[in-house]
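Before any comments, here is the structure.
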Amino acid sequence: MVLAMDWGLLAQQIVSGLALGAVYGSLALALVLIHRTTNVVNFAQGEMAMFTTYIAWSLNHHMSYWPAFLLTLAIAFAGGAAIERTVIRPVERGSPLTVIMITIALFVIFGGLASWIWTGEERDFPTPFAPQPIRIAGVTFGRHEIAVIVITLATVIVLWAFFRFTKLGLAMRAAAIGPEASRLLGVRVGSMFALGWGFAALLGAVSGMMVAPLLVLSPTMMQPILIYAFAAAVLGGIDSPAGAVIGGLALGVGINLLATYVDFVTSELELPVAFAILIGVLLLRPAGVFGRVVARRV
Amino acid sequence: MALLELEGVEARYGPIHALHGVSLSVDEGEIVSLLGANGAGKTTTLRSISGTVRTSGAITFAGRSVVDKGPEAAARAGIAHVPEGRGILGELTLWENLRLGAYTRRDRRVIKGDLERVAGYFPWMSERRNQEAATLSGGEQQMLALARALAARPRLLMLDEPSLGLAPIIVHELFRIVTELNAKEGLTVLVVEQNANIALQASSRAYVLEVGRVAVEGASDELRRHEGVRRSYLGY
Amino acid sequence: MRRAAAVRGLLLLLAVGVVALLPAVISDYRALELGYVAIYFIAMIGLNILTGFAGQISLGHGAFMGIGGYTTAILAANHGVNDLATLPLAGLVAGVVGFLFGFPALRLAGVYLALATFALAVALPSLAKKFEGITGGSNGIFLPRIAPSGDWLYYVSWSVALIMFTLAWILVRGRLGRTFRAIRDSEIAAVSSGISLSRYKTIAFGISAFYAGVAGALLAIPTGAIFPETFPASLSILLLTGVVVGGVGSLWGMLIGALFVQFIPVYGSDWLRNLLEPLGVDIADTTPGVPAVLYGTILLAVLLLARSGVAGLVQRAANSLTNRFNLRQLQRHITPSRREA
């Protein structure tokens, strides 16, 4: 059986798995970023990403792809920061139920708003990469898929460098680790939280704009992706950025391979499989693969 | 005019009044200690100055009022507050904690050299730059907290119970460094201490707080001979 | 104290009277809609027991409704059981699943529990499609009979609702309710008092799922058919929204929540259009997404401005009224003695 295996198919499925995985990973990274900085799990991350992708779609009618891409990132950043400042800040220290419900309210509002403004019609989202596939070692790969992997990883690396090397990045990390101590050092912790949400929204926009050409742009486009992103974030450790990205990639490849090679796993089962992974990780090792275990014995 | 001046300062934690009218002053270049029993309001006084507790009354620093403006403003005005428990950011490295100390400073070119200089007071730090701060010992963390505060080139250094949980030899080293910096560079210090002995040795003046008010004040030498202070705080 | 209890008893009697007599004065269609309100009311009481009283978050109660609905459909369609007779069984099946879900749910607190239950809600339609042998897949299951009239559904669902509400009322006031509230207020303190978290959290899940199952079963009857799309993830969100708007921790507030959930998504666009048309904003009949924006915004407003929901607002108003009343009584007692002095 092994000798008759189609290596070309395997390579293709791995690459498309990595592409999807990169999308899951960047949304998962956004979730982790917000959780690390403000201790909130943002249920609306996917809908915010979808909304910004629609904005990009509209912008593409007035300008070429890359300017629209960058402008969308800026809008997403500003929007994310604004949301933290107005709607999240008042309840940040309150009960977890209230905060969760607020992100759910945002989930509902953004979903409805997108349907209202752009209607539920499915649309095509442009890709700046030529549709002709690339041939590597005799196997064809989609150009956009490869681009997704490259662009997402590039974004993640730039963000990593920002947090590691710049003063602002350091301040943001400090604000997340110890807000009181950071305040005494002169760090405006509130602004750091807003910036965290801004960067997360930016990551979500990248995620949405990368995945839209692969799927179809619709108001519900990001909902399954949110579940995968949750599964990836939890798998990697809800406070581990590296874990989120690696978890996303692993999930993307894993589910794709399962769907290709195991007959039982049809497309309807992909989501429940992600759900099973999510539940499994939460039960067996809630800290995730790379996370830190915080003891809370009761 | 004093560098720091408090007049009739009251502070509360919600419904609980912690300070009932505290007045004190610190001149530039002095080391002043704030003594008192647990719950007397020493920590609260520092918190009032750095703006982390609801305060009313007058607090002037370098001629400007800093009352109720928040900790970020106090830090930017040049007040470095090393809190009780040190406030070390455990997940960051030693060097990252130090870099953060200089957060409020704008003079980028000078900062790097300055950080090296500050680390120089604590020779063991150079080798352990990339060590995660949470894995440092209690004494090392206290040194790091002090170094971090110094990295800001503060006009006023406030230390809250620096001796807490530390071995006597480390406490002595700490106060030696503070005294040396005061003598060589004119660093102004306000130190809150339970260990009245060492605080009175290091400082030139002291205030004793009781139940949110200043009960006794004066030169450290005089206070060491003061009957009440001796009995209650010096143990003899 | 006695006066307050008497007032409440009177209000309850009034409410029951209104509910009993209403169908006589409203259309059959309206009665049907109010029948749905009763169904949501039941589901929300269950969810509130879990969230408001035991302090556990569930974003998956639509799935438990689905389990109840499918149980009823399968029993009625494939085994010829009378649809109303299936109600307790549907509740039981959902309750057992909820109870079993409670075990792993123990290990998860707050957000993680919300995530897990949300994943359950999203996964249910997919699972229903996959296991066609049991659920009929995308084709769904058709019940042998459909509800004969709106009035019929109204009386059936409100009777069940009254029973379930009374049960919940007794439970909340009893020992079980107190234990739940102890857990909600502080898990650590509860454990120190000897409360077994595992036992009570699973019980809370089981009871709330039972309620959802009964509601889901009732939902199958007027529509006459069940599909995977009947219980989407948005249903779970809608239920929790209703609980929050009605008032977390208030049983009668769930009535407001149920009215909110039934009428805002359906009539919200019309109301909004009437409101905005004079301002020049045009909302077409078929514009999608408007109800969602409306109910999302109301939810947001409640969370930011009136966290205890409508029930909380009413409670506050009632308190300030009684305070003013008591104050006036006091003043009347004080003034005569002043005159003497």
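In this document, chain identifiers A, B and C correspond to the written order of the chains, with residue numbering beginning at 1 in each.
Note that in this section a residue touches a chain if its C-beta (ideal position, glycine included) is under 8 Å from a C-beta of that chain, and two chains touch if they have at least 3 such contacts.
Worth saying up front: this structure is predicted, and the values here are computed from it rather than measured.
The touch graph of these protein chains is an open line.
Of the two chain pairs examined here, A-B and A-C, it is A-C that is joined by more C-beta pairs in contact. In this assembly, the C-alpha centroid of chain B lies 55 Å from the C-alpha centroid of chain C. We define each chain's centre as the mean of its Cα atoms; on that basis chain A and chain B are separated by 44 Å. Inter-chain centre distance (chain A to chain C, centres taken as mean C-alpha positions): 32 Å.
Residue positions of chain A with contacts to 2 or more other chains are absent.
In chain C, no residue reaches two or more other chains under the touch definition.
Across the assembly, chain B contributes no residue in contact with two or more other chains. Contact residues on chain B toward chain A in their complex (touch as defined above): 50, 52, 70-72, 74-76, 81, 83, 87-92, 96, 99-101, 103-104, 148, 152.
Here chain A touches chain B in the complex through residues 167, 170-171, 173-174, 177-178, 180-188, going by the rule given at the top. Chain A makes touch with chain C in their complex at residues 41, 43, 87, 90-91, 94, 96-98, 100-102, 104-109, 111-117, 119-120, 219, 223-224, 227, 230-231, 234, 266, 268-269, 271-272, 274-275, 278-279, 282-283, 286, 296, 298. In the complex of the two chains, the chain C residues touching chain A come out as 51, 57, 59, 104, 107-112, 114-116, 118-120, 122-123, 126-127, 129-130, 187-188, 191, 197, 233, 237, 240-241, 244, 248, 287-297, 299-300, 303-304, 307.
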